[in-house]
Every structure is written in structure tokens, then in C-alpha cells.
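Next come two complexes, and both contain chain A; in the first it sits with chain B, in the second with chain C.
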Partner chain A sequence: MTPTRKSFVARNPSVLYFLAALGLFTAIVAVLSEASGVGLISTSFVKTLGKTLCLCLVAIAMDVVWGYCGILSLGHFAFFGIGGYAIGMWLMYARTEIIVIDSLAGQVIPPTPQEVSDAIGNQIFGVVGSSEFPLLWAFADHLWIQLALVVLVPGLLALVFGWLAFRSRVTGVYLSILTQAMTLALALYLFQNDSGLRGNNGLSGLQNIPGFDDTGQDVVSIAFFLTSAAALALGYLLFAWITDSKLGNIIQAIRDDESRVRFLGYHVESYKLFVFTLTAVIAGIAGALYYPQAGIINPAEIAPIASIYLAVWVAIGGRGRLYGAVIGAAVVSLLSSWFTGGGAPSVDLGFYVINWVDWWLVLLGLTFVAVTLFAPQGIGGLFDKLVRKS
Partner chain B sequence: MKSLLEMSGITKSFDGFKAINNLSLQIGEPELRAVIGPNGAGKTTFMDIITGKTKPDEGKILFGEDNRSLLGMSESRIAMLGIGRKFQKPTVFEAQTVRENLAMALRNPRGPFAVLFYRKTTAGAARIEEIAEEINLTDHLTRPAGELSHGQKQWLEIGMLLAQSPRLLLVDEPAAGMTAQEREHTTDILRKAAETRAVIVVEHDMEFVRRLNCKVTVLHEGSVLAEGSLDHVTKDPTVVDVYLGRSDAGH
Partner chain C sequence: MMRLVFGMILMLLSAVSVAAQDLQALLQTHADEVAKPSRRSVSVMLDDLVASGLPQVPVFLEEWAGRNVWQDDATGLFYIGAEEGDALIIRDVDTGDETSVDAGGFTQLRPNGGVRRVIGTALVQFQLSDPDPARRQAALESIARRGEAEQLAPLIASLEGEADAGIRARKEQLITFLTARFSEDTAARVTAIETLAADTSVEARAVLSQILATTDEVAETLPDVNIAELYDPADAPEASYQILVDAGLAPALVSAGDIRAALEANIAEGRVGTVPVASLNTDAAREDAYAALARADLVPPLVTQDDVAAALQSHVFFAQYVETDTAVTQAARATLDTVETRVGWAQTVDMTLDGLSLASIYFLAAIGLAITFGQMGVINMAHGEFIMMGAYTGYVVQLFVPDYTVSILVALPLAFALTFGAGVAMERLIIRHLYHRPLETLLATFGISIALQQIAKNIFGTQARPLTSPDWLSGAWVISDVIQISTIRIAIFVMALIFLVALLYILKRTRLGLEVRAVTQNPGMAASMGINPDRINMLTFGLGSGIAGVAGVAIGLYAKVTSEMGADYIVQSFMTVVVGGVGNVWGTLAGAGLIGFLQKGIEFLNPSNTLAAQTYMILFIILFIQFRPKGIVAPKGRAAAD
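Our next item is the complex of A and B:
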């Protein structure tokens, strides 16, 4: 080590500011929530904020894979959705099991395990005209296995997909299209009724945590909110450490000129695969925290457009700086739910009434164009300029 | 002088056009060699083939004392065997500092996990200082490479090659776009590098080649037309024909 080497925090002051801001925000929300008794922030809004934190987490993953490594993946929301499905299967199974056992408890003859299993199957799959448990649900009654799948399935899918794509040296727009195809294929598969995951009904009732029926949603929502904040903090630290390391130098070099990196002796494909897979795993974790707060997951969640939104957030927030991705995801997704949720007042122009539910996407599109033209570094870039001036 | 790189009978065609035609060439260690030739003589393809970017249709390339064949090896493996390449257009990583650029090139383990957990060493830092001095960039180590002048970028790229500690250095038009003073310094860097290793310089500029004062190989239509000292090859009637013929037709 050279004597002039500064500490990690000194080299990355934004990490400290970010963690302080996140900690303060989390504390304020927790104190003002219904769970604490103050109730200034409604439980449904706590859920919205908790979901937003998960979106920030998947956005920093997107920033690492795109902003730092230059791989414009338009499929990372597929990994997010897979994480949600993996945890959703356990939530739905375990809760249905409790309900079924309760309802069968009144019978004179105690039900056999087969009868219990059939009844659960009927409850879950009746909606798609089946009562058989598909093979996919083999481990649905084991929380730990499903938690492992939250990490393993997105990781494995990204590993196989990335290995095939990167070794064939698919780059640029072709890779983006390929990732769109991947998420579209997955969504179309899940839309089928016999996919084993309830087709377009998806998994629902995920906000009810099995075994915590007596705990109110106000407490559950705060627990998930705090967990999401902790996950975002840890994710931020992990990515800040990675991008600060020499590996961070290499992946930025790959972004700027990958063939030059090859002639330096680096096996570019391994680096891309590492980043692609790691960010997919983090996206899966973010999804597993998001969907219990949303309460429902269905295949529409991983439609190709979702992954494009993710790229738009990161672009608006400012690529290549982690806090930029956080700002972009938080601002755009909160504004989006405000505008589309009817929160924004309609604008009466006399001859035409602008109804934001219809016009929000136009506004978002215009904002995206404006950012691309006038602030290519995004909101984070403007922020950087301000900091440098002062 | 033993031979470090041996190419024999290399042929490569693109859509029927023979970019390289039965090319044979040997480079010793240490040696400084200039490769010249008119446009389209196959100079870039020649470098692409050695560094593994392009696979030849026929022929052999052997490297090192154990005569390892380079055919079928990936670019990164060939680079790790000890062959470094400098491109015609300076390609440094502009968003990163001069020090970071050099640190990436330093000869260290190249796997993602080794790199992720890599800690800077005093030996590495000292080596970076040493190279920076050689390429006149000591005062610019903390600047982003994108801020450097054109000539400084060329030097930085040569410095990155030196940091790789290659046994064979392939340098494509190092003096392009440089001032007279910068050219002189570039000549010094290359001559010094060639004291301990093999250096192949592909160059257009005869004045610069003359200053290198080394053996010259003339490429024409993908094969070796003449080889020897610059005076020897410029007197060769076929070389004169090729150069004068081309320049008459071209301008």
C-alpha cells in the first residue's frame, strides 16, 4: 500500500452521505408511521415507500451493469420478478396451508395428509382449473429453500444466459434485444395457465405473512420497510466497494473499449458474466422484498416494458454514479404512482382537460428526451456540478 | 540472436481478397523491427493475426523458446503470454486517471476475483512511477487520461504496454499526429524498450523509420517484398516501383 492511499470513505464520500440520508429517512418514516402510534404516514404509504426502496436497490444493480460495465441489459426486471415469484410461492403455500388446516379441523375424522395437500392444491390452483401441485412447487413448504431460490434461480439464469451471449460476443443493441427477448419469453411462459404459477392470475395475498396473522399490517409494513432499507444500504455498500476496487476500473474500461481490455490480457467475458450474474442476484433479492409489500405478483410485472423503465430511471438519475440511480428510481417511481394514482390534479386548458392518468407517460417520455438532450449525466450529474461549484 | 516469433506460410483472405498471402517472418529477442508498406499491404491484418483478433486460413505462428503455437488462442491469453499491442488511434481509458490506466496494465493476476480483492503494493506503485518517468507523464498521474494531449495519450498507451512487461511489442504508427519533439522522445522510448525485448513498429513515415535505425521489412499485397536496412530496401527496384507506382496512382 502506498502511504498516500486514502481510506474507502475518503475516496467515496457519497457513501457516507447516502447512508446518513437513508438512515434519517428510515427513522422519520418509522416514527411517523401508524405502527409507532403517530400515524402521520399511512400504512399504504409506508408500503409505497418500502417498495420504492426495493426499486432503488434494483436500480443500483442496473447502474452497475449498465452505467459502469456498459451492458445495456433490458431484462433485469425478469430477475426481479423471479425473486418475487420464489418468495411468493412460499407465502401463498404456507398461508393456504394454515387456512386449510383450520377449516378441516372441525371435521369428526381428522384429515389425512393427502386430503390436506389436495385441499391446498385446490385452493391455489382451482383458479386455473387444476388441483395438482406442479413440480415447480416441490419446495414451496420450505421457507429456507425458497429463500435460497430467490438468489439461485436469477443467478443461474443470468449465468447461463450471460455465458451464451457474452462468449458469442453479442454486444450493444443486439444484447439489449436479446435480454428483451428473454424477459418477454419468461412473461409469455408465465402467462400460460399450465405454467404451474397460476398463469395471468399470478400469486396473491402475499402481504399476509404466514404465522403472523395476529400482527397488523401496520407492523408488517414497517418491518418490510426497515428490511428493504437495510437491503438497500448493504447493496449500496457492496456496489460502492466493487466499483471502487480495481475490478471497478476494469469494468469501466470494458464499457469504454472492450477490445483494448482484451489486449491488456483480461478475459472480458468473465468480467461481464460476473457483473451480469451478481446484479441479477441483487435484482432477485430486491424483488423478493418488493412483492410481499405489493401483495400480488403476476406475469405482467416482468413484461419487457418494466425493464425499459428501469433503464429510464437510471438514465434520468444519472449513469455511473450509484446515488444517481437511487435518485432516478425514487423520484420517477414515486411521481409515477402520484400521477397515475390520481394524486395529481387534472389541468383544465379550457378546450381540453389534461388527465394525468393518460398523460403521465407522455410527460415521462418528454422528460427522458429532455434529460438526454440537456443533461446527459442525469439528475446526479447536475448534483455533481453543484457540489463541485460550492 | 534467437528467434522469439516465427510466422510461416500465413494466408488470410476476406471474401476472396488475400489480405495476407503466404507471409513468413521471424523476429529475434531483443530486436527492433520496422514494418512498412503502402496502404492495403496487410499491416493491420498482420498485427490482428499475431494478437489473435483474426484467425489465419493457413500457416503457423510459433512463440517463445518452447515454440508454442498461437493459433486458436484468445486475445487475452496471447496478451498474457507476453505480446502487447498499441493501436494506431491512441486508445487509453479516458474516464480514468493516468495512474489507473497504468495500474490496469501492470503484470498482475487477471481473473475477476483476484482483481476484485487486489490490494495495491509498493512494488506496483514504484513500477508505475518508473514507467511514468519514462513516458514523461510523472506530473500527470492523477489527471483523467481524456485530458491529455494527443501525443501524451500515445505515450500513455506505450507506457501501458511497458507495464504489461511483454516480450514482444507491436506498435502501430506511434508517431502519427505528433510534433517533431514528441517524435524524438517516442523514438527514444521505443529504442530503449527494444534493448530488452522484441519491438515491431508499423509505420508510414519514412523519416521516423530512418530515425529508428533498424532492420526494415517491406510488406506488399500481403507478403514480404524486401527485408534489410532502410538504405538497402529503398534501393530495391521492386520497392521503389511499389511505392512510386502507388503514390502516382493514388494522388
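Our next item is the complex of A and C:
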């Protein structure tokens, strides 16, 4: 390190701006929410914002793996979903346990542990015609283990998959197709009724946090919102630090010319594997924060198209810059819910009325083509140009 | 002399009187049986009727079974009647003379279901020789549905006069079935059973299974009966014990629910016996409390694991053949084994055909990609939507052209033209700007893909649209009971073959193909040789897209046409190309074959779950690519460099 090397913040002014903006935004939302008594922002909108923050978190992970390391993974939303399932299992189990114990308390004789467990199994797996607890649920009653699984399962899956893929030098579009296949396999597996995760019913009722039954959803939603904001801030800091470090330089060099880095003596596969696994873990954490706010998770969420959307957000926001990913994810997902939620006014062309609920995807698709062709740096690129001019 | 003549006349007269003995008289001798038949006794009377050989008998029996026979209350005579308002048209059972009478004085005979079945059996022998082949056929089918021992003799008797070769063969088959099941002669049965070895039909297998029917039995010592199998009770202790309980040889198990109910019923002052209710929250505590109740004789005693083990130990469990003749069951068992081996082979052949047809569908879906992705290296995520466009073209053409054969013939070139145009437009407007950024091609074409999908949804709605195949494609080619394949799948197979040949021809034998390969290998050098790479890229992409459109028509005939149908095929199609080896049509064929057969194979092992089959198949492909990253047919030499 040369003595003239500037401090981390001086080299990355965007981090400070971003954290300041995020803090301000969080504070405003918290003050205006129903939980604080002002109520200018409805609880459901707080949830939407909280979910958006989680999507921003998975988007910056995607940006690191794609924008910085050049691996177009079409599997990161699968890791996001796995995180959601891992926490969802505990939420669903613990909540059902409370309900079951309540209902069994009316019995003349106190219930045995076996009876309680059978009743919970019936409640949870009745919809798929089973009442047995599959092996997957062995730790569902331990919050801490399930929290560890949020990190461990996506991490291990990414580690094994990445190790297999990178060591046989699967790169470029082939890797994209392979990750997409992995996502499809996972989604198809979860769609089965005997997967042990309730098939296409998925896990539901996740918005009810066990032990906080008396706390209103307004408070729960703001708590999750703040946690998501904190997670996004930490994730942003972590990724900014990684991409700024020497490791980050090597990663970007791999993106630009993998062979040259390999010939310089670096073990490219290890770097790629590290980035792939780390971003998968962050995606899992983002998912674990997202689904309690969404309330329900089902295999359709994991379908390959979701991962492609993730890439779309990052591309529209601007690859290779973390705030670009945040902007892309926030703008596209909020616009998307505005358009598909019927918020956008219909356009009357005289001979045809454009109803945005039907035409939003067409608009998004074409916008996306236009961005790829004319603004490969995305919104973030335009932003950079403006900053530089001023 | 006179006495002799007189005697002869007398004899003649009596003979005439016997021949002229009418059905009515015969019925009158059994009047009670006819009026109030019971299943047991009716057969005696039926034997008499059949033995009389009167031609009126089958008609009467049919009407009787059809509840159309009425009895005159005054005279006790039987008539065939039909109600017409208040009046009753009665027909004499012998002469067939019709009269209209008041229904008041007549009683309708209503033989019950059991009796009607017996009548039906008696009727079969008449129907078996009926001059109308359709009725003979119907009688045979009724025998095939419920074979009975009594049918065997009339069936054999009717064989002689049978003129129709088809019906004769069917009669012989049924005689074999009935002989195998009911003949009195063990040797005949065994022979009949052995001839069944050549017959893989479901019916023949059902006959063998019926002969081999068993019942599960339990006894203290093994009796001397025809035993199919001895069970080891340790394999399924609970089920075995349940058999004991059902046979009344052991007391029923007391379930956890029974224990709880018994405890609840015996609560007194917050206690069960001496145990406080609050402490009954474990199974052990509950069992102790229950045992205390049992000692006080308030509840049946608990059956412990030791009791169960002892009970299982002291009994033998076995399956016993309903059939008592050992020779017969042995022959049937051996024959069934042979037949099942043959059926197994037939199923393998059937599965191979299934795999072949699935492979041709994957091949059709992927062949366009083999050109755009395989030759040009362009990732076209909208490829599936081109397939969808082709299928919807077929649907729209059918709206205007009602004749299905003509409409398909119109739709195929139209779909090609349409998707060719779409492909060329896409290449000109988007893809050519992105040749050096393959990952972005993927995303841009994905944008096109979601836009096209949504536009299709806006135009055609979300429900599936039919693309009806012409009649000559809707049948199936039935080779045997086990092996059959629908004509549409054969057509798709043929189509895949045509595509393969056409594509190989275009790539290897035409000027265009030469230029395509030249541009693929080295665009700069190709350009310096006077080839216009832009034009070639455009045409190549158009060709690949056009083929996708034609494939869409074929796939639409077989699967449903929805706006999402393309998305169903896109991942599989890329897999097919990657597994096969990029840049090689043979590779795509090999990839489609591997994936098609693999999926059918996995489905065969786990038939209830096609989702699982797809999951395992994709996992297999991911692993496969680890070991052969360049696919089955890997490019060699310089072409393999990148």
C-alpha cells in the first residue's frame, strides 16, 4: 500500500452518499408510518418498501457476481427462495405449534409430545395428503438452526454447484444455461407434493411472527423494514469493501480477461467460487428477510424467470456499480407493482385502450431491449455522466 | 292286423301329441316356478325348457328376463305382454296371436336380478348359434365379461356350426379360457393353461390371475392345502397381527386413542385411579394409568409387544390358493411367469417407442436452436416464442380453413414464412449489434421473449387454444395390447427425420450451407472470399427461426397451444443443444435422444411422478456437462478453441 493511497471513503464517495440516502429514506418512512402514529404511509406500503429493500440487497449480490465478476448467474433468485423457505419453515412450524397447543389445551387430559407433533404435522401437511414430518423439517422447531440454514444451504449449494461448474471451465452463456437448469430443477422439485415443502401450496402465513401475536402488523412491518434497511446497508458496505480491495481488482480482471488472469498465476476458479458462494449467501439472507414480509412463498417464486428478472433489474440499473443495482431493482420492481397493480392510468388511443395491467410486460421487455442496445451502462451510467459533467 | 294298425296309429298320435306339446303346457307344469322363481330352483325348470328344444323357448326366456311376461290371474296361463295405456296387448307364447285385454286381470312377473342372470346364462347357448353374427358376438362378449362353468359345454357345441372365421377364433379363445378355469379334467386344464403362454392379452393374464387367486390365512399349524406362499410375520408385524385379530385368534391392540378415551372415561376427582390428570402428558404415564385400570378390570388389558410377538410366533401365516388342484396352480404360475416376461419385453419396446417420440419432440423444439445457437453462437431466449408463434399460426389458419388436412398444409409454410420474417427482423434490429456481447444477447432476446409472450396473451387470452389434427392423424397404431403408439407421434417422428435430412442437406450440400459454415468458422476470411457475412447471418438466423415456427405447428398438434408453451421448451432445448455438442446437427440429435430416452426411463422407474423425472433428468444433465463440457459430439481441432 503506497502512502498516497486515499481512505476507503475518499475512494468510494458513493458509499457515503448511498448510506446517507438510505438512512434518510428509512427515517422518513419510519416517522410517517402507521406504527409511529402519523400514518401517512400505509402498513401495506411499508411492507412493499421493505420487500423492495430486500430485492435491492439480492440485486447488489447479483451485481457483484455478474457486473464485477462477469458470471451471468441465472440462479441467484433460487438462493433467495431457499433462504425464504429456510426461515418460512420455522415461522410456519412455530406458529402452528402455538395454535395446536392452544386447541389441545381444551382436552381433558394434557397432550403428549407425540400428539402435539402429530397435530402440527396434520395442520401443515394436510393439504398435500400427508401428516408425517419429512426429514427436511428435523430442525424446524429450532429458530437458530433454521437461521443458520438460511446461510448454510444456499452457501453449500452454491459451493458444490460452482465447484463442479468452474473446475470444468464452464463459462459464459453455458454457465448461464447451466445455472438456469439448476433453478428449473429446484423449482420442479419443490412443485412436487412429496418434496416435503407442501408442493405448489408453498409455505403461508409467514407474516405472523410467533411470539409477537399481540404486536400489530404495523409494528412488525416497520421492524422488518428497518432490519431490511440495515441488512442492505451492511451488504452494501461489505460488497463495496470487497470490490474496492485487491480481491475486487482481481475479480474485475477475471471479468475482463479470464485467461490473462489465469496466466498471471491466479487461481481463477477459487476467486469465482468465492464470489459465487458469498453472493449466494447474501441472496439467501435477503430472501429470509423478504418472505416474512410477503407472507407466502411457493415454488413459482423460484422459477427460472425470476432469476432472469433479477438480471434485468441489474442491467437496467447499470452493471458494475452497486448503486446502479439498487436503483434498477427499486425502480423496476416498484414500477412493476404500480403498473400491474392497476395504478397506472390507461391510455386511450381512440381505436384501442392500452390497459397497463396487460401491456406492462410488453413495455418492460421493449425497454429492456432498448437499454441493452442504447444504454448498456443502464440508469447508473446516465447518472455517472451527469455527475461527471457537473 | 287291425290291432296292429290301430296300435301304430295310436303310437303316431301320441308321438304327434309329444311333438306338438306346447310351451304353455310345459310352463304350466312349472307354473309356481315361473310365477315366483328363485335363483336356486329356477335352473331345474330352465333345464326342462332347454331340453324340450322348442323354438319358442329363447324368445320366451328373453321376454321373461326383460319382465315382459304376464300371468292371467283367472286361468294361470302365461302371456308375453306389452302395456299400452290401461290396456295390455298379450301375445300367446306358442302361436304369437295378439289380443288386447284389460291389464286388471293380469300380474306382471318380475324375476329378480339373480334369477335374470341365470336366465341370461341359459340364453347364451341359444345366442351362440343365433343366425345374426352381431348377436353371437354380443353373447361371446358377455361370456368374456363373466365366464361361468356352465357356458363351457354350449360354447364347445356351438363351435361346429360357426362359419364366421373371426367369431370362430374368438370362440376358440374363450373355450381355452373357460377350460383353463372350469374344466373338470385336470389334464385338459393344464393343457389349456399352457396354450395361454402365447397370449399376452390382458384377458389371458386376467384368466391366469383368477386361477391363481389366493386368500391370506392363519393357523396354528400348517394345514394340508394348496399353499401359494408362506409369510414371515416379522416382515410386517402389525399387519400380521391384524390378521390374527380379524381371525379372532388374538385380542385387538389398544391404540393410543383407545387409551386416551378409556382414561377420559375413568376420571374421578381430577385423578385416574391414583394418578393426577395433569401428569398424564407422556405415553408412558398414560400406559401405566391404563394398566392400573386394567388390573381393576375396568378396561380390557393392554396388549404388550411381548404378547404380540408370542402370538405371531405361535401361528403360521400363509397365502392359500382358492384353487385346490396343485397341478393346475403350478402350471398357471409357470405360464404367468412366461407371459409376464413377454409382457416385460413388450413394455420395453413400448417405452422405447415413447422415448423415441419424446426425443423427436425435443429434437423438433431444439433443431432451430441448433442453427442459431449451435452455428452462430447466438443465445436466443425468444426461440420458444417463435415455436409459440408457429403454433398460433396453425390455430389462426384453422379458424379460416375448416378442412384440417388443408389447414395444416397451409399452416406449415405460413408459419415458416412468419417466423422467418420475425427472425430476420430481430437479427437486423437487435442481434447484429450484440454479436460481441453474447451475455447481453441473452438478456435482450429475453426482453423480446416476455414482450411476445404478453402480446400473445393479450390477443389470444390465457386459456389453451386447440390445434386439431386431421382425422387420419388422430388414431393409434396398435401392435398389441401393450405396444401402441399414436399416429400423431409417428407423424412428429417422421417430421423430425425430414427436418434432420433437410438441414443436413442445406448445411452440407448447398451454397448457402457452405457460406454459413464459412462465416461460422471465420467471418473475416469468409468476407474476404466475397461472402457477405451480414447477409449470411441474417439468413441463418431466419432459417433457424423459421424452423422453430414449423416445429411449433407440429408441437401444437401434440400439446396445448398457450402463450407460455415456448417457455416450457426453452430450457430443455438449450440443454439438448449443449448436451449434444454445440455446432453439430448430429449432436443435437444425440442430445435429444439422450434426454428423451432418459426422461422416459426415469418415468418408467417412477411412473407416478413426471415432475421428479424432469428434476432428476436436469440434475443428470448438469453432472453430464461436468464430465463432457463440450457435449456428446464435441468439436475437435481449431473449432474447439473457444
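The working rule: the second predicted complex is superposed on the first by the 389 of 390 C-alpha atoms of A that agree within 3 Å, B and C clash if a C-alpha of one lies under 4 Å from a C-alpha of the other, contacts with A are read in each partner's own complex, and residues count from 1 in each chain.
One rule holds for everything that comes next: contacts are C-beta pairs under 8 Å (C-beta built on N, C-alpha and C of every residue); 3 or more make two chains touch, one makes a residue touch a chain.
Quick caveat, the model's predicted, so the values are computed rather than measured.
Taken together in the superposed arrangement on chain A, chain B and chain C fit without clashing. By the touch criterion defined above, A:Ala27 reaches neither chain B nor chain C. If you stand at the C-alpha centre of chain A, chain B and chain C are 100 degrees apart, rounded to the nearest 10.
In the superposition on chain A, the chain among chain B and chain C reaching more residues of chain A is C. Applying the stated contact rule after C-alpha superposition, one finds that A:Asp257 touches chain B and leaves chain C untouched. When both complexes are overlaid on chain A, the residue A:Val268 reaches chain B alone and has no touch with chain C. Judged by the touch definition given at the top, the superposed model places A:Ala311 against chain C, while chain B stays out of reach.
After overlaying the two complexes on the shared chain, residue contacts for A:Leu247 are found with chain B alone; chain C is out of touch. After superposing the two complexes on chain A, the shortest C-alpha to C-alpha distance between chain B and chain C comes to 5 Å. Taken together, the two structures place no residue of chain A in contact with chain B in one case and with chain C in the other. Residue ranges on chain B touching chain A, taken from their complex, read 51, 53, 74-76, 79-80, 84-85, 87, 91, 93-96, 100, 103-105, 110-112, 115-122, 125, 160, 164.
The touching residues of chain A, when paired with chain B in their complex, are 1-2, 5, 242, 245-247, 249-250, 252-253, 256-257, 259-268, 270-271, 274. Note for the complex: chain A touches chain C at residues 72, 108-115, 161, 164-165, 167-170, 172-174, 176-178, 180-182, 184-185, 188-189, 191-192, 194, 304-305, 308, 311-312, 315, 358-362, 364-369, 372-373, 376.
Touching chain A in their complex are the following residues of chain C: 256, 260, 263-264, 267, 277-278, 280-283, 286, 379, 381, 430, 433-434, 437-440, 442-444, 446-455, 457-458, 567, 571, 574-575, 578, 609, 611-612, 614-615, 618-619, 621-623, 625-627, 629.
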